[in-house]
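Below, chain A partners chain B and then partners chain C, in two separate complexes.
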Partner chain A sequence: MREDLLDPRAVLLHERAPDREAAIRRCGRALVEVGAVAEPYVAAMLERERSISTYVGEGVAIPHGTNASKDDILRDALCFIRFPDGVDWDGERVTVCVGIAAREGGHVPLLAALAEILMDPDRARTLREATEVAQVMKELTL
Partner chain B sequence: MAGIDSQDIHKIIVACDAGMGSSVMLASQLRKQLKDSGVTVEHTPVNSIPDDADVVVCHTGLAARARAAAPGKVLVSFQIFLGDPAVTKLVNTIKNGGVVDA
Partner chain C sequence: MAQRTVAVASASGLHARPAKLFVQEAARLGVPVTVRLGDKAVPARSMLGVLSLGAVQGTEVTLEADGPGAEEALDALAALLSRDLDADAEPGGNSGAKSGAEEALDA
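For the complex of A and B:
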(Lines of atoms letter the chains of each structure in order from A and count residues from 1; the text may use other names and numbers.)
(Lines give C-alpha, C1' and ligand atoms only; values in the text may rest on other atoms or scores of the structure.)
Protein backbone atom coordinates (compact mmCIF):
# COMPACT_ATOMS: atom_id res chain seq x y z
CA MET A 1 0.00 0.00 0.00
CA ARG A 2 1.18 3.51 -0.74
CA GLU A 3 2.69 5.29 2.23
CA ASP A 4 0.77 8.52 1.85
CA LEU A 5 -2.68 6.97 1.34
CA LEU A 6 -3.62 7.36 4.98
CA ASP A 7 -1.57 10.25 6.31
CA PRO A 8 -1.37 10.12 10.14
CA ARG A 9 -2.24 13.84 10.08
CA ALA A 10 -5.58 12.84 8.58
CA VAL A 11 -6.36 10.47 11.44
CA LEU A 12 -8.29 12.55 13.97
CA LEU A 13 -9.74 10.73 16.93
CA HIS A 14 -11.38 13.35 19.11
CA GLU A 15 -13.54 15.48 16.85
CA ARG A 16 -17.03 16.85 17.35
CA ALA A 17 -19.67 17.71 14.80
CA PRO A 18 -23.20 18.98 15.46
CA ASP A 19 -24.60 17.32 12.34
CA ARG A 20 -23.83 15.25 9.28
CA GLU A 21 -22.94 18.22 7.11
CA ALA A 22 -20.40 19.47 9.65
CA ALA A 23 -18.89 16.00 9.91
CA ILE A 24 -18.50 15.78 6.13
CA ARG A 25 -16.96 19.26 6.02
CA ARG A 26 -14.48 18.12 8.67
CA CYS A 27 -13.54 15.14 6.49
CA GLY A 28 -13.20 17.38 3.46
CA ARG A 29 -10.99 19.79 5.35
CA ALA A 30 -8.73 16.96 6.48
CA LEU A 31 -8.32 15.84 2.86
CA VAL A 32 -7.61 19.43 1.76
CA GLU A 33 -5.06 19.86 4.55
CA VAL A 34 -3.00 16.85 3.52
CA GLY A 35 -3.03 18.10 -0.08
CA ALA A 36 -5.21 15.30 -1.46
CA VAL A 37 -8.05 17.38 -2.87
CA ALA A 38 -8.84 20.90 -4.02
CA GLU A 39 -11.39 22.88 -2.04
CA PRO A 40 -14.40 22.32 -4.40
CA TYR A 41 -14.23 18.59 -3.61
CA VAL A 42 -15.79 19.31 -0.21
CA ALA A 43 -18.99 20.63 -1.82
CA ALA A 44 -19.08 17.52 -4.02
CA MET A 45 -18.88 15.36 -0.90
CA LEU A 46 -21.94 17.12 0.50
CA GLU A 47 -23.75 16.76 -2.82
CA ARG A 48 -22.95 13.04 -3.00
CA GLU A 49 -24.23 12.50 0.52
CA ARG A 50 -27.55 14.17 -0.29
CA SER A 51 -28.22 11.70 -3.11
CA ILE A 52 -27.55 8.49 -1.16
CA SER A 53 -26.21 8.16 2.37
CA THR A 54 -22.66 6.83 2.61
CA TYR A 55 -23.47 5.03 5.86
CA VAL A 56 -22.04 1.52 5.54
CA GLY A 57 -22.91 -0.02 8.89
CA GLU A 58 -21.40 -0.51 12.38
CA GLY A 59 -21.43 3.24 13.04
CA VAL A 60 -19.22 4.01 10.04
CA ALA A 61 -19.82 6.30 7.05
CA ILE A 62 -17.54 6.76 4.06
CA PRO A 63 -18.14 10.25 2.65
CA HIS A 64 -16.64 10.93 -0.77
CA GLY A 65 -17.20 13.10 -3.83
CA THR A 66 -19.13 12.54 -7.03
CA ASN A 67 -17.89 11.07 -10.27
CA ALA A 68 -17.86 14.60 -11.72
CA SER A 69 -15.63 15.88 -8.91
CA LYS A 70 -12.73 13.54 -9.64
CA ASP A 71 -10.79 16.36 -11.30
CA ASP A 72 -10.51 17.99 -7.88
CA ILE A 73 -8.62 14.99 -6.55
CA LEU A 74 -4.88 15.59 -6.53
CA ARG A 75 -3.92 12.16 -5.22
CA ASP A 76 -5.67 9.11 -3.78
CA ALA A 77 -6.05 9.55 -0.04
CA LEU A 78 -8.25 8.71 2.92
CA CYS A 79 -8.96 10.31 6.24
CA PHE A 80 -10.18 8.63 9.41
CA ILE A 81 -12.16 10.87 11.70
CA ARG A 82 -13.71 9.76 14.93
CA PHE A 83 -16.60 11.59 16.56
CA PRO A 84 -16.82 9.99 20.02
CA ASP A 85 -20.13 11.74 20.80
CA GLY A 86 -21.69 10.43 17.61
CA VAL A 87 -23.31 12.22 14.70
CA ASP A 88 -26.89 11.70 13.55
CA TRP A 89 -26.59 10.30 10.05
CA ASP A 90 -30.09 10.29 8.67
CA GLY A 91 -31.31 8.23 11.63
CA GLU A 92 -28.13 6.18 12.10
CA ARG A 93 -25.50 7.01 14.70
CA VAL A 94 -22.06 7.49 13.16
CA THR A 95 -18.92 7.64 15.27
CA VAL A 96 -16.34 7.09 12.52
CA CYS A 97 -16.04 8.68 9.09
CA VAL A 98 -13.59 7.34 6.56
CA GLY A 99 -13.42 10.13 3.99
CA ILE A 100 -12.33 9.07 0.52
CA ALA A 101 -10.64 10.79 -2.40
CA ALA A 102 -9.72 8.36 -5.14
CA ARG A 103 -9.23 8.66 -8.89
CA GLU A 104 -7.32 5.45 -9.27
CA GLY A 105 -7.42 2.25 -7.26
CA GLY A 106 -4.79 2.99 -4.66
CA HIS A 107 -7.32 2.92 -1.85
CA VAL A 108 -8.91 -0.43 -2.74
CA PRO A 109 -6.86 -2.58 -0.30
CA LEU A 110 -7.66 -0.26 2.59
CA LEU A 111 -11.39 -0.23 1.86
CA ALA A 112 -11.31 -4.01 1.52
CA ALA A 113 -9.70 -4.13 4.96
CA LEU A 114 -12.40 -1.81 6.28
CA ALA A 115 -15.14 -4.04 4.82
CA GLU A 116 -13.56 -7.05 6.56
CA ILE A 117 -13.47 -5.21 9.87
CA LEU A 118 -17.10 -4.11 9.58
CA MET A 119 -18.24 -7.69 8.99
CA ASP A 120 -16.78 -8.58 12.39
CA PRO A 121 -18.63 -6.70 15.18
CA ASP A 122 -15.74 -7.12 17.67
CA ARG A 123 -13.15 -5.70 15.29
CA ALA A 124 -15.58 -2.95 14.29
CA ARG A 125 -15.97 -1.94 17.92
CA THR A 126 -12.20 -1.92 18.43
CA LEU A 127 -11.84 0.40 15.45
CA ARG A 128 -14.69 2.67 16.61
CA GLU A 129 -13.18 2.97 20.05
CA ALA A 130 -9.58 3.48 18.96
CA THR A 131 -7.88 6.32 20.82
CA GLU A 132 -4.39 6.01 19.31
CA VAL A 133 -3.47 6.90 15.75
CA ALA A 134 -1.09 3.94 15.59
CA GLN A 135 -3.93 1.58 16.49
CA VAL A 136 -6.06 2.84 13.60
CA MET A 137 -3.16 2.61 11.16
CA LYS A 138 -2.48 -0.93 12.28
CA GLU A 139 -6.10 -2.07 11.99
CA LEU A 140 -6.56 -0.61 8.53
CA THR A 141 -3.25 -1.42 6.93
CA LEU A 142 -2.68 -4.98 8.08
CA MET B 1 -35.01 -9.87 -19.16
CA ALA B 2 -36.38 -12.77 -17.15
CA GLY B 3 -33.31 -13.67 -15.19
CA ILE B 4 -30.01 -15.45 -15.58
CA ASP B 5 -28.92 -18.96 -14.70
CA SER B 6 -26.08 -19.03 -12.20
CA GLN B 7 -23.94 -21.00 -14.69
CA ASP B 8 -24.13 -18.11 -17.14
CA ILE B 9 -22.82 -15.58 -14.64
CA HIS B 10 -19.18 -14.79 -15.35
CA LYS B 11 -18.90 -11.16 -14.43
CA ILE B 12 -20.61 -9.15 -11.70
CA ILE B 13 -20.34 -5.37 -11.66
CA VAL B 14 -20.91 -3.49 -8.44
CA ALA B 15 -21.88 0.03 -9.46
CA CYS B 16 -22.10 3.23 -7.46
CA ASP B 17 -22.12 6.88 -8.41
CA ALA B 18 -18.42 7.60 -8.28
CA GLY B 19 -17.13 4.03 -8.14
CA MET B 20 -14.78 4.91 -5.29
CA GLY B 21 -16.62 4.17 -2.07
CA SER B 22 -19.35 1.70 -1.28
CA SER B 23 -18.96 -0.22 -4.53
CA VAL B 24 -15.30 -0.83 -3.73
CA MET B 25 -16.16 -2.22 -0.31
CA LEU B 26 -18.97 -4.41 -1.54
CA ALA B 27 -16.96 -5.68 -4.52
CA SER B 28 -14.13 -6.71 -2.21
CA GLN B 29 -16.56 -8.67 -0.07
CA LEU B 30 -18.21 -10.34 -3.07
CA ARG B 31 -14.83 -11.20 -4.55
CA LYS B 32 -13.88 -12.94 -1.34
CA GLN B 33 -17.18 -14.80 -1.05
CA LEU B 34 -17.06 -15.92 -4.69
CA LYS B 35 -13.34 -16.69 -4.71
CA ASP B 36 -13.76 -20.33 -5.74
CA SER B 37 -16.61 -19.77 -8.20
CA GLY B 38 -14.63 -18.37 -11.13
CA VAL B 39 -16.88 -15.32 -11.24
CA THR B 40 -15.15 -11.98 -11.79
CA VAL B 41 -16.26 -9.05 -9.63
CA GLU B 42 -15.46 -5.45 -10.57
CA HIS B 43 -16.60 -2.04 -9.38
CA THR B 44 -17.41 0.88 -11.67
CA PRO B 45 -19.30 4.17 -11.71
CA VAL B 46 -22.93 3.56 -12.63
CA ASN B 47 -22.52 5.25 -16.02
CA SER B 48 -19.54 3.04 -16.99
CA ILE B 49 -21.02 -0.44 -16.61
CA PRO B 50 -19.20 -2.62 -19.17
CA ASP B 51 -21.10 -4.53 -21.86
CA ASP B 52 -19.87 -7.90 -20.71
CA ALA B 53 -21.41 -7.58 -17.23
CA ASP B 54 -23.81 -10.45 -16.54
CA VAL B 55 -25.21 -9.09 -13.29
CA VAL B 56 -25.19 -5.53 -11.97
CA VAL B 57 -25.34 -4.93 -8.22
CA CYS B 58 -26.18 -1.45 -6.97
CA HIS B 59 -27.91 0.51 -4.25
CA THR B 60 -31.71 0.79 -4.58
CA GLY B 61 -31.32 4.55 -4.95
CA LEU B 62 -29.21 4.07 -8.09
CA ALA B 63 -31.27 1.27 -9.65
CA ALA B 64 -33.09 3.52 -12.12
CA ARG B 65 -29.82 5.03 -13.34
CA ALA B 66 -28.22 1.58 -13.60
CA ARG B 67 -31.17 0.28 -15.64
CA ALA B 68 -30.90 3.24 -17.99
CA ALA B 69 -27.13 2.91 -18.31
CA ALA B 70 -27.14 -0.87 -18.81
CA PRO B 71 -30.50 -1.87 -20.26
CA GLY B 72 -31.27 -5.56 -20.31
CA LYS B 73 -28.82 -6.51 -17.56
CA VAL B 74 -29.98 -8.47 -14.56
CA LEU B 75 -29.96 -6.03 -11.67
CA VAL B 76 -29.69 -6.88 -8.00
CA SER B 77 -30.36 -3.88 -5.78
CA PHE B 78 -29.52 -3.62 -2.12
CA GLN B 79 -30.21 -1.21 0.71
CA ILE B 80 -27.63 -2.21 3.29
CA PHE B 81 -24.04 -1.84 2.12
CA LEU B 82 -22.66 -4.85 3.91
CA GLY B 83 -24.66 -7.98 4.61
CA ASP B 84 -27.78 -7.15 2.56
CA PRO B 85 -30.11 -10.17 2.11
CA ALA B 86 -30.36 -9.57 -1.66
CA VAL B 87 -26.59 -9.82 -2.02
CA THR B 88 -26.42 -12.88 0.23
CA LYS B 89 -29.07 -14.51 -1.94
CA LEU B 90 -27.05 -13.73 -5.09
CA VAL B 91 -23.94 -15.32 -3.57
CA ASN B 92 -25.87 -18.41 -2.49
CA THR B 93 -27.48 -18.81 -5.90
CA ILE B 94 -24.11 -18.64 -7.62
CA LYS B 95 -22.63 -21.15 -5.20
CA ASN B 96 -25.57 -23.59 -5.19
CA GLY B 97 -27.03 -23.07 -8.64
CA GLY B 98 -30.33 -21.56 -9.67
CA VAL B 99 -31.70 -18.51 -11.41
CA VAL B 100 -31.01 -14.91 -10.43
CA ASP B 101 -34.14 -12.91 -11.15
CA ALA B 102 -33.91 -9.65 -13.05
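For the complex of A and C:
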Protein backbone atom coordinates (compact mmCIF):
# COMPACT_ATOMS: atom_id res chain seq x y z
CA MET A 1 0.00 0.00 0.00
CA ARG A 2 1.25 3.49 -0.86
CA GLU A 3 3.06 5.11 2.01
CA ASP A 4 1.53 8.55 1.68
CA LEU A 5 -2.03 7.32 2.24
CA LEU A 6 -1.89 7.04 6.00
CA ASP A 7 -0.92 10.10 8.01
CA PRO A 8 0.19 9.02 11.52
CA ARG A 9 -2.09 11.76 12.89
CA ALA A 10 -5.00 9.79 11.41
CA VAL A 11 -4.11 6.71 13.48
CA LEU A 12 -6.14 6.75 16.71
CA LEU A 13 -5.89 3.72 18.94
CA HIS A 14 -8.02 4.42 22.00
CA GLU A 15 -11.33 5.78 20.80
CA ARG A 16 -14.82 5.07 22.05
CA ALA A 17 -18.08 5.29 20.16
CA PRO A 18 -21.56 4.53 21.48
CA ASP A 19 -22.77 3.42 18.06
CA ARG A 20 -21.94 2.95 14.42
CA GLU A 21 -22.88 6.49 13.42
CA ALA A 22 -20.58 8.01 16.05
CA ALA A 23 -17.75 5.74 14.92
CA ILE A 24 -18.19 6.83 11.31
CA ARG A 25 -18.28 10.50 12.34
CA ARG A 26 -15.02 9.95 14.20
CA CYS A 27 -13.46 8.48 11.04
CA GLY A 28 -14.76 11.35 8.97
CA ARG A 29 -13.35 13.91 11.39
CA ALA A 30 -9.93 12.24 11.25
CA LEU A 31 -9.93 12.48 7.45
CA VAL A 32 -11.02 16.13 7.61
CA GLU A 33 -8.33 16.95 10.18
CA VAL A 34 -5.49 15.66 8.00
CA GLY A 35 -6.84 17.66 5.07
CA ALA A 36 -7.86 14.64 2.99
CA VAL A 37 -11.55 15.46 2.60
CA ALA A 38 -13.92 18.40 2.86
CA GLU A 39 -16.57 18.37 5.61
CA PRO A 40 -19.50 17.16 3.43
CA TYR A 41 -17.66 13.87 2.88
CA VAL A 42 -18.58 12.86 6.44
CA ALA A 43 -22.31 12.99 5.67
CA ALA A 44 -21.64 10.97 2.51
CA MET A 45 -19.91 8.31 4.62
CA LEU A 46 -23.04 8.02 6.77
CA GLU A 47 -25.21 7.87 3.67
CA ARG A 48 -23.09 5.09 2.16
CA GLU A 49 -23.33 3.10 5.38
CA ARG A 50 -27.12 3.40 5.41
CA SER A 51 -27.26 1.98 1.89
CA ILE A 52 -24.94 -0.93 2.70
CA SER A 53 -22.84 -2.00 5.68
CA THR A 54 -19.11 -1.54 5.16
CA TYR A 55 -18.27 -4.38 7.54
CA VAL A 56 -15.75 -6.67 5.79
CA GLY A 57 -14.85 -9.26 8.42
CA GLU A 58 -12.07 -9.71 11.03
CA GLY A 59 -13.74 -7.06 13.21
CA VAL A 60 -13.03 -4.40 10.62
CA ALA A 61 -15.32 -1.92 8.87
CA ILE A 62 -14.24 0.37 6.05
CA PRO A 63 -16.46 3.48 6.03
CA HIS A 64 -16.20 5.57 2.87
CA GLY A 65 -18.29 8.10 0.97
CA THR A 66 -20.68 7.65 -1.92
CA ASN A 67 -19.51 7.98 -5.51
CA ALA A 68 -21.37 11.28 -5.63
CA SER A 69 -19.05 12.63 -2.90
CA LYS A 70 -15.81 12.11 -4.84
CA ASP A 71 -15.50 15.87 -5.36
CA ASP A 72 -15.13 16.30 -1.61
CA ILE A 73 -11.93 14.24 -1.65
CA LEU A 74 -8.88 16.48 -1.69
CA ARG A 75 -6.37 13.64 -1.76
CA ASP A 76 -6.52 9.85 -1.44
CA ALA A 77 -6.12 8.87 2.19
CA LEU A 78 -6.88 6.38 4.94
CA CYS A 79 -7.54 6.73 8.62
CA PHE A 80 -7.20 3.94 11.16
CA ILE A 81 -9.38 4.20 14.24
CA ARG A 82 -9.38 1.54 16.91
CA PHE A 83 -12.30 1.14 19.29
CA PRO A 84 -11.01 -1.27 21.96
CA ASP A 85 -14.48 -1.64 23.54
CA GLY A 86 -16.01 -2.51 20.20
CA VAL A 87 -18.88 -0.93 18.31
CA ASP A 88 -22.06 -2.76 17.36
CA TRP A 89 -22.14 -2.77 13.57
CA ASP A 90 -25.50 -4.11 12.57
CA GLY A 91 -24.94 -7.20 14.72
CA GLU A 92 -21.20 -7.51 14.08
CA ARG A 93 -18.59 -6.36 16.57
CA VAL A 94 -16.18 -3.85 15.07
CA THR A 95 -12.96 -2.90 16.81
CA VAL A 96 -11.20 -1.24 13.89
CA CYS A 97 -12.47 1.24 11.33
CA VAL A 98 -10.35 1.98 8.31
CA GLY A 99 -11.90 5.10 6.81
CA ILE A 100 -11.23 5.47 3.10
CA ALA A 101 -11.14 8.45 0.78
CA ALA A 102 -10.13 7.53 -2.75
CA ARG A 103 -10.92 9.19 -6.03
CA GLU A 104 -11.95 7.59 -9.30
CA GLY A 105 -9.77 4.63 -10.16
CA GLY A 106 -8.06 4.58 -6.77
CA HIS A 107 -10.74 2.99 -4.65
CA VAL A 108 -10.77 -0.61 -5.93
CA PRO A 109 -6.97 -1.17 -5.89
CA LEU A 110 -6.79 0.41 -2.44
CA LEU A 111 -9.53 -1.87 -1.13
CA ALA A 112 -7.84 -4.88 -2.71
CA ALA A 113 -4.54 -4.05 -1.00
CA LEU A 114 -6.29 -3.54 2.32
CA ALA A 115 -8.27 -6.78 1.98
CA GLU A 116 -5.05 -8.63 1.18
CA ILE A 117 -3.52 -7.41 4.46
CA LEU A 118 -6.62 -8.29 6.51
CA MET A 119 -6.81 -11.79 5.00
CA ASP A 120 -3.61 -12.61 6.87
CA PRO A 121 -5.00 -13.49 10.33
CA ASP A 122 -1.74 -12.52 12.07
CA ARG A 123 -1.66 -9.09 10.48
CA ALA A 124 -5.38 -8.58 11.15
CA ARG A 125 -4.86 -9.44 14.81
CA THR A 126 -1.85 -7.15 15.09
CA LEU A 127 -4.00 -4.33 13.73
CA ARG A 128 -6.95 -5.12 16.02
CA GLU A 129 -4.70 -5.20 19.07
CA ALA A 130 -2.28 -2.43 18.11
CA THR A 131 -1.23 -0.16 20.95
CA GLU A 132 1.33 1.89 19.07
CA VAL A 133 0.96 4.00 15.97
CA ALA A 134 4.18 2.57 14.54
CA GLN A 135 2.66 -0.95 14.46
CA VAL A 136 -0.24 0.27 12.38
CA MET A 137 1.99 2.28 10.05
CA LYS A 138 4.13 -0.79 9.50
CA GLU A 139 1.26 -3.19 8.77
CA LEU A 140 -0.60 -0.80 6.51
CA THR A 141 2.27 0.53 4.45
CA LEU A 142 4.49 -2.51 3.89
CA MET B 1 -14.24 -29.43 -11.71
CA ALA B 2 -17.04 -27.29 -13.12
CA GLN B 3 -16.09 -23.80 -14.27
CA ARG B 4 -17.66 -20.60 -15.56
CA THR B 5 -15.71 -17.59 -16.79
CA VAL B 6 -17.65 -14.37 -16.62
CA ALA B 7 -16.92 -10.64 -16.93
CA VAL B 8 -17.94 -8.47 -13.98
CA ALA B 9 -20.85 -6.34 -15.22
CA SER B 10 -21.34 -3.98 -12.28
CA ALA B 11 -20.30 -0.41 -12.98
CA SER B 12 -18.35 -0.12 -9.73
CA GLY B 13 -16.66 -3.52 -10.14
CA LEU B 14 -16.69 -6.28 -7.55
CA HIS B 15 -16.77 -4.34 -4.28
CA ALA B 16 -19.33 -2.57 -2.09
CA ARG B 17 -22.89 -3.63 -2.93
CA PRO B 18 -22.05 -6.01 -5.81
CA ALA B 19 -19.45 -7.80 -3.68
CA LYS B 20 -21.81 -8.06 -0.72
CA LEU B 21 -24.64 -9.49 -2.83
CA PHE B 22 -22.25 -11.97 -4.44
CA VAL B 23 -20.79 -13.14 -1.11
CA GLN B 24 -24.26 -13.45 0.46
CA GLU B 25 -25.51 -15.53 -2.45
CA ALA B 26 -22.42 -17.77 -2.34
CA ALA B 27 -23.01 -18.39 1.37
CA ARG B 28 -26.71 -19.05 0.83
CA LEU B 29 -26.04 -21.62 -1.91
CA GLY B 30 -23.94 -23.67 0.51
CA VAL B 31 -21.65 -25.08 -2.20
CA PRO B 32 -17.96 -24.15 -1.82
CA VAL B 33 -17.09 -22.02 -4.84
CA THR B 34 -13.68 -20.60 -5.68
CA VAL B 35 -13.21 -17.34 -7.55
CA ARG B 36 -10.06 -17.23 -9.63
CA LEU B 37 -8.43 -14.16 -11.15
CA GLY B 38 -4.95 -14.66 -12.57
CA ASP B 39 -2.99 -16.64 -10.01
CA LYS B 40 -5.25 -15.65 -7.12
CA ALA B 41 -8.00 -17.97 -5.93
CA VAL B 42 -10.33 -17.05 -3.06
CA PRO B 43 -13.50 -18.51 -1.51
CA ALA B 44 -16.62 -16.88 -3.01
CA ARG B 45 -18.13 -16.56 0.47
CA SER B 46 -15.22 -14.47 1.80
CA MET B 47 -15.83 -10.73 1.56
CA LEU B 48 -12.14 -9.99 2.13
CA GLY B 49 -11.19 -12.59 -0.45
CA VAL B 50 -13.51 -11.18 -3.07
CA LEU B 51 -12.37 -7.61 -2.34
CA SER B 52 -8.73 -8.64 -2.58
CA LEU B 53 -9.23 -9.58 -6.25
CA GLY B 54 -9.63 -5.90 -7.13
CA ALA B 55 -11.97 -6.77 -10.03
CA VAL B 56 -13.34 -3.77 -11.89
CA GLN B 57 -16.12 -3.64 -14.49
CA GLY B 58 -15.18 -5.91 -17.38
CA THR B 59 -12.64 -7.97 -15.42
CA GLU B 60 -13.05 -11.67 -16.23
CA VAL B 61 -13.12 -14.02 -13.27
CA THR B 62 -13.45 -17.80 -13.24
CA LEU B 63 -15.79 -19.55 -10.83
CA GLU B 64 -15.00 -23.14 -9.89
CA ALA B 65 -16.82 -25.76 -7.85
CA ASP B 66 -16.99 -29.51 -7.41
CA GLY B 67 -19.54 -32.08 -6.36
CA PRO B 68 -23.32 -32.09 -5.98
CA GLY B 69 -24.98 -28.78 -6.80
CA ALA B 70 -21.82 -27.35 -8.36
CA GLU B 71 -23.33 -26.63 -11.77
CA GLU B 72 -26.41 -24.92 -10.33
CA ALA B 73 -24.36 -22.85 -7.90
CA LEU B 74 -22.01 -21.71 -10.66
CA ASP B 75 -24.93 -20.81 -12.90
CA ALA B 76 -26.51 -18.72 -10.15
CA LEU B 77 -23.28 -16.88 -9.27
CA ALA B 78 -22.28 -16.36 -12.91
CA ALA B 79 -25.72 -14.89 -13.60
CA LEU B 80 -25.29 -12.53 -10.64
CA LEU B 81 -21.90 -11.32 -11.87
CA SER B 82 -23.20 -10.68 -15.36
CA ARG B 83 -25.85 -8.28 -14.04
CA ASP B 84 -25.14 -4.65 -13.19
CA LEU B 85 -25.82 -4.97 -9.47
CA ASP B 86 -25.24 -1.25 -8.89
CA ALA B 87 -28.32 -0.60 -11.02
CA ASP B 88 -30.49 -2.73 -8.73
CA ALA B 89 -31.53 0.18 -6.55
CA GLU B 90 -33.06 -0.57 -3.19
CA PRO B 91 -36.76 0.05 -2.91
CA GLY B 92 -37.59 3.53 -1.68
CA GLY B 93 -37.45 6.94 -3.30
CA ASN B 94 -34.34 8.53 -1.82
CA SER B 95 -32.02 5.60 -2.13
CA GLY B 96 -33.27 5.00 -5.67
CA ALA B 97 -32.47 8.56 -6.66
CA LYS B 98 -29.07 8.32 -5.00
CA SER B 99 -28.23 5.07 -6.74
CA GLY B 100 -29.09 6.69 -10.04
CA ALA B 101 -26.69 9.53 -9.33
CA GLU B 102 -23.98 7.11 -8.23
CA GLU B 103 -24.42 5.08 -11.34
CA ALA B 104 -24.12 8.13 -13.56
CA LEU B 105 -20.87 9.11 -11.88
CA ASP B 106 -19.52 5.61 -12.17
CA ALA B 107 -20.22 5.37 -15.88
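Here, the second predicted complex is superposed on the first by the 128 of 142 C-alpha atoms of A that agree within 3 Å, B and C clash if a C-alpha of one lies under 4 Å from a C-alpha of the other, contacts with A are read in each partner's own complex, and residues count from 1 in each chain.
Assume a residue touches a chain if its C-beta (ideal position, glycine included) is under 8 Å from a C-beta of that chain, and two chains touch if they have at least 3 such contacts.
As the structure is a prediction and not an experimental result, all values here were calculated from the model.
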So, A:107: does it touch chain B (first), chain C (second), both, or neither? both
So in the superposed three-chain picture, is A:52 touching just chain B, just chain C, both, or none of them (first/second/both/neither)? both
What is the contact status of A:23 with respect to chain B (first) and chain C (second): first, second, both, or neither? neither
Figure out whether A:66 sits in contact with chain B (first) or chain C (second), or with both, or with neither. both
Using the touch definition from the top, say if A:118 reaches chain B (first), chain C (second), both or neither. both
Give me the intersection of chain A's contacts with chain B and its contacts with chain C, in residue numbers. 51-52, 56-57, 66-67, 70, 107-108, 111-112, 114-116, 118-119
Report the residues of chain B in contact with chain A in the complex, numbered from low to high. 17-22, 24-26, 28-29, 45, 47, 59, 61-62, 80-83
Show which residues of chain A lie in contact with chain C when the two form their complex. 47, 50-53, 56-58, 66-68, 70, 107-109, 111-116, 118-119
For a test of understanding, state which residues of chain A touch chain B in their complex under the given definition. 48, 51-52, 54-57, 62, 64-67, 69-70, 100-103, 107-108, 111-112, 114-116, 118-119
Footprint of chain A on chain C - complex, ascending: 12-13, 15-17, 20, 46-49, 51-56, 90, 95, 98-99, 101-102, 105-106
